Amino acid sequence: MDAIILQILNGLDKGSAYALIALGLTLIFGTLGVVNFAHGALFMIGAFCAVTLNKLLSLSYMVEDPTRTDFLGKPLQVATPYVHGWFGEATGEALIDWSVPLAILFSIPVMIAVGFIMERGLIKHFYKRPHADQILVTFGLAIVLQELIKSFYGANPIPTPAPEVFRGSFDFGVMLGFDPNAIIYPYWRMVYFAFSALIIGAVFAFLRFTTFGMVVRAGMADRETVGLLGINIDKRFTIMFGLAAAVAGVAGVMYAPINSPNYHMGMDFLVLSFVVVVVGGMGSLPGAVLAGFMLGILEAFASMNQVKAIIPGIDQIIIYLIAIIIILTRPRGLMGKKGVMEE
Amino acid sequence: MLGLNKKDTLLFWIVAALALLAPFILNPFPEGSSLAQMFNAGYPDLMQRFVIFGILVIGFNILFGLTGYLSFGHAAFLGIGSYSAVWMFKLVGMNVIPAILLAMIVSGVFALLIGYISLRRSGIYFSILTLAIAQMCYNLAYSVLGNPSSNFNLTNGETGLQLSLDDARILGESVTAEGALPVTNFFGLAMRSSYQMDVGGWLFTFNAGYYLSAIIMLVSFYVSIRIFRSPFGLMLRAVKSNQQRMNYTGLNTRPYILAAFVISGIYAGLAGGLLSSMDPLAGAERMHWTASGEIVIMAILGGVGTLIGPVLGAGFNEYFKNILSKINDNVLHDWLGFLPDGFENLLVGFLHYFVGKGWHLTLGIMFMLVIIFLPGGLVQGGQRIARLFRRKKNSDETQQTPAE
Amino acid sequence: MGILEVKNVGKRFGGLQALNNVNLSVAENTCHAIIGPNGAGKSTLLNCFVGKLIPDTGSVMFDGQSVLGRTPYEINQMGISRVFQTPEIFADLSVMENMMIPVFAKRDGSFRMHALEGMMGEKDIVEKAEAMLEDMGLANKREMQASSMSRGDKRRLEIAMCLSQEPRLLLLDEPTAGMARADTNNTIDLLKQIKEERDITIAIIEHDMHVVFSLADRITVLAQGTPLVEDSPENIKGHPKVREAYLGEAA
Amino acid sequence: MSKSNFTRRGMLKTSALAGAGVALPTIFTASSAAAYMNEPKGGSVTLGFNVPQTGAYADEGADELRAYELAVEHLNGGGDGGMMNTFSSKALQGNGILGKKVEYVTGDTQTKSDAARASAKSMIEKDGAIMITGGSSSGVAVAVQGLCQEAGIIFMAGLTHSNDTTGKDKKANGFRHFFNAYMSAAALAPVLKNRYGADRKAYHLTADYTWGWTQEESIAAATEEMGWETVNKVRTPLAATDFSSYIAPVLNSGADVLVLNHYGGNMVNSLTNAVQFGLREKMVNGKQFEIVVPLYSRLMARGAGENVKGILGSTNWHWSLTDEASQAFVKSFGEKFGFPPSQAAHTCYVQTLLYADACERAGTFNPCGIGEALEGFEFDGLGNGPTLYRAGDHQCFKDVLVVKGKENPTSEFDLLEVVEITPRAQVEYPVDHPMFAGGALGACNAG
């Protein structure tokens, strides 16, 4: 029982990452009709916003410490962050410690700008091109983006820890009447889950309750008609692209403490997030979220030893297996619309 | 000729000439020059790759180009073909023909199975089904089916399936007299044997494996032309154009698409079998989704649905992949040595980001440029150039007319 | 006994009874029109003939065989061809290629792997297709891409494609919808000519009374999913129930 | 008129003057005119450095390349000579190898066996490389080693830790300086027993591929021998990025030690996840819960940040070693590039020197001659103390370092501290040890 609760927690957490990425992907697809293979790269850039802010805050000047030596036997250069000098050691250290949450503020304008540039500069010209062309050009873009990140930050993962207060874990087991240590869960992962729920809720509320959102939803349903109404839908779509990029970006920022960001993390998520979107059904926002959580939870269950004992290696293929079963039994995924991307 | 019309015959002979004279064409620079080190591609391994990937993409184009069904898991058949061929070498004998045949049969059977399942859906749902199945194959091959310590080691996991000194071959020896592994051969002609020719400063290598692959590629290309021009090809194009009309014209679309899927699967298996014949090691990465993506990229780069596009796309991709990754700062300095020192260093420092470890970046930029400016791929680029010449000629004529 | 016998056909979509107890008999070598106001169930009925929809109740017999449960291509192979409201042709292919496909389908059935024969080497197919294009006045457009033709020519091509299969029953779904007057008249002439020259049964759904009265031998009026009346054009013209239900004139 | 050979540099001088040359049948392009594959004819000799330049191990590959560059410089008499000064064999003169200037070509393995073989082939066929070296994974090492055996080229393995490389997949033309999983286990086990006691329950998380399997087998065997119990061995997919669902059940299993048989990105993520779950703060069975990372790499440890503090593991070499040889290497590497070398860099540098030295001692570039010179070669002065290149399986035997994540690093390179230098005798094993059984070296191949 405790093992199952634990895996549900894990699944919700994995699921919230999948759902957030798939949400942005499906927004872009639903509004613009563009298959964006660079979406994973946006997630990755988000994570590197956290890295960058962390590095910026930790920018240091060197002080020579004659009592110690470095690897070549010269006096050791001790790095002292500028923020220590500016704000005092305590405040400075707190700033660095909180760099990941702070990076959310930093990342939103950056990601919106990246989204705008991408849409205006490139994607716009591909609305009328076949989906295969869109896939290729955005795939090319994804490679270029990740290689740029690589040439700045290298190929190795870069540790980007969460604030001190969120490190460590919480013992749910005791609360629920199990033995201590039966169900422990890291604080930051709980934060991540809550944050995802918040973002997903905010996106849905935005689309539901604002005029802007209503026009966009109408545009998702029938682009031509909305265009005929004399509404400048293109401009709104650009904004949607920026929004989707921002969603992917903040998802990346918050993910950075969970797994140290590296330049190919976008590609690692890309295929999975596509599977999630398609399982959810092309063009359906709730479908993407639902599929994200469902696949996350099933993946967590499949990695349980009890399950692996019955079917060895099931955790390697579970996502794909579920995707195949769902697509074969439900022609348009969980909640897909008819006629979208079926040609 | 050969049942082709004039235009197709011409195309076929152009491709044949390119393939057969490749050792000359790909080695334009004399030996030892720094340009040669950078740009010459006339060595057996790369030439083999050109034609083998050509076969792969020609087959993919029969599915994607004609029917419009975008399979995102085609690399699975390449991998299946490769593994089949290596098993043939391990268990039966080192002749490449049975290995290639087995590769084609096994991948054909898999294609039938996978196609039957995937073709229940169309559009992106089809793409994701093929992707999911191929990724399953990859993951299983990489670990579950490849554990050397288990009794069921089908793929030898990460290292890849390879020959070993204790393979019990039914036809032929386990180890040669010199204690080495026997080599793959075509009725005695070793695939890795080469003839070399010196002409002035140039050195040209004629490799047996390359020529076998090239001939098979030409046969594949010929078959693909015939399919394009056949009633069957017409039906496939009709599928892409309007499935509704197909159905209301009394035509069952499913078997047509399935047939195209199986044919392209067999082509991929053939390519896989050839890869293993040239170098008897089959790695699981061949089935990874990025490998499938690369097939799509090659097809689109060349020009989807055109006859020669796949060959161009495969050549372009393989050439830059292999050449760019081998350039290092040393080579750059060699190459740019004629420039003033400061300027040379500056330029090397800049180019440094685009070659060697940065070759992905260059390739990504090239994909984007081709796809942005040449929606019809390299074939369209060729057509544009041809038109440019024609227009120039035309305008020359019109300019001359008034003068007369 | 007509070539198409429809008995007690009913079809329900959720709360809407689209068809209710429809009985219809199309006699061989006649032109039978089905008319009715929007939402009367004309298209639903047509879709039941071609395998796109399966009625909840009743039977549809073509030449003594049930079509229900068969796929569109099987029904087509039985001898029913359909012309759509907006021309459904192979837009990316040339006119000649468009023409050849149904001829192949007629000769080779629903599937045949003729992957290595040259398409143009099939003399009988090419001749037949060319003859049909000649017949329909499309011979000079044979190399043109189908998508670049005018709407009227597309319609012509679609009809030609259907005819080349030598169907026993030709279904026309509002063949002149959205056409200019001149194109409409051309199409009427074409259909008249077909009717006279060939042994063919035509069932037509139409809005345009001009078209209906120019072509039909028999007319069924459908209203709210039920046949109101079936009679000859002359009688329908004057029928009070028809005027009331369909032409909207108070009796 | 007919002169054919494959070696590029010799070519210019020997080619026919004009007109057509001809052709001789050759096997894998080593022509009958040459005594062995890619025999260098001109004034220079070409080495092939095949390292991962893209993918997850690109940084490690970059460090390997730096080491190779340095080695070539030293071999050609440039720089301060580095370890050439401390090397017990004095055959190297600083005038290249056998008087020929050393040149090199590079390739990208992409950490894929297919790509690595293609790149190695291109260096052999196109550039006439006489030796291939490098790499950062065992799958690649085994695949390229196989290719070099067939081609008649010497392969000096880079970073490869699987038992198979010199076990069931060993080849006469392949040589490994790096240590292996068995040695890691043999060195680690006593230290673990000392620190954590003999009564421990271990839970293994293992990357589901060749290297992971051999390491799991080695560590489990060594720890069980000293009294530990193995509670569970769980395989994790290579592509996994989030290990939470594998780590969450660990505490419930009754285990009090977690062994992470992961490398690279897998190791960074699984260790980070384990620390997030607070495993290290828990008490299980009345003991402090511990995590072990059997194969450490400084480059990767950096990715895991603070999480490595206090965690035990093993490594082939570390820059903080104080012996003269290591210091000499750190000095010349550090002065050239500005930071200390990694263990991968060390192995690659040493392999290059060892190869060159073997050529000098054998007096030929012939792979069979070099093989003989390396087999059973005893040397010192290349770090790790006295070392033996064993003839039976071409594995180097030397001291192994047990290290621990440093609590108070002084810089971003100062992440590990050496806990113990395990003497060579303790990590030795017979050639026919069951974990290494199944393959044969075969005969050397000169092409």
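Remarks
Lettered A, B, C and D in written order, each chain numbered from 1.
In the analysis below, contacts are C-beta pairs under 8 Å (C-beta built on N, C-alpha and C of every residue); 3 or more make two chains touch, one makes a residue touch a chain.
Note that the coordinates shown come from a computational prediction; the quantities given were computed from them, not determined experimentally.
When the partners of chain A are compared with those of chain B, the chains appearing in both lists are D.
The chain with its CA mean position farthest from that of chain B is C.
Among the chain pairings, B-D comes first (most C-beta pairs in contact). Nearest to the global CA centroid, when each chain is reduced to the mean of its CA atoms, is chain B. The mean-CA centres of chain A and chain C are about 53 angstrom from one another, to the nearest whole unit.
Computed from the mean C-alpha positions, the centre of chain C lies at a distance of 75 Å from the centre of chain D. Computed from the mean C-alpha positions, the centre of chain B lies at a distance of 33 Å from the centre of chain D. Chain A and chain D have CA centres that are 35 Å apart.
For chain B, residues touching at least two other chains, in rising order: 139, 143-144, 360.
For chain A, the set of residues that touch two or more other chains comprises 313, 316. Residues of chain C in contact with at least two other chains: none. Applying the touch criterion to all chain pairs gives A-B, A-D, B-C, B-D.
By the touch criterion stated above, chain A contacts chain B in their complex at residues 35, 122, 125, 129, 131-133, 135-137, 139-144, 146-148, 151, 267, 271, 274-275, 278, 282, 312-313, 316-317, 319-321, 323-324, 327-328, 331-333, 341-343.
Here chain D touches chain B in the complex through residues 3-6, 8-9, 11-12, 15-29, 31, 53-54, 58, 61-62, 65, 104-108, 112-115, 117-119, 121-123, 125-127, 137-139, 142-143, 146-147, 149-150, 164, 168-169, 208-211, 213, 217, 235, 237-239, 439-440, 442-443, 445, going by the rule given at the top. Residues 2-3, 6-7, 9-11, 13-14, 17, 68, 70-72, 76-79, 150, 154-161, 167-169, 181-182, 184-186, 188-189, 258-260, 262, 264-265, 268-269, 299-300, 303-305, 308, 313, 315-316 of chain A are the ones that touch chain D when the two sit in their complex. Of all the residues in chain B, the ones that touch chain D in their complex are 31-32, 37, 40, 43-46, 49, 139, 142-144, 146-149, 157-160, 162-166, 175, 178-181, 183, 190, 192-201, 203, 205-207, 279, 281, 283, 285-286, 322, 325-326, 328, 330, 356-357, 359-360.
Remark: chain C residues 50, 71-74, 76-77, 81-82, 84, 88-93, 97, 100-102, 104-106, 108-122, 125, 161, 165 touch chain B in the complex.
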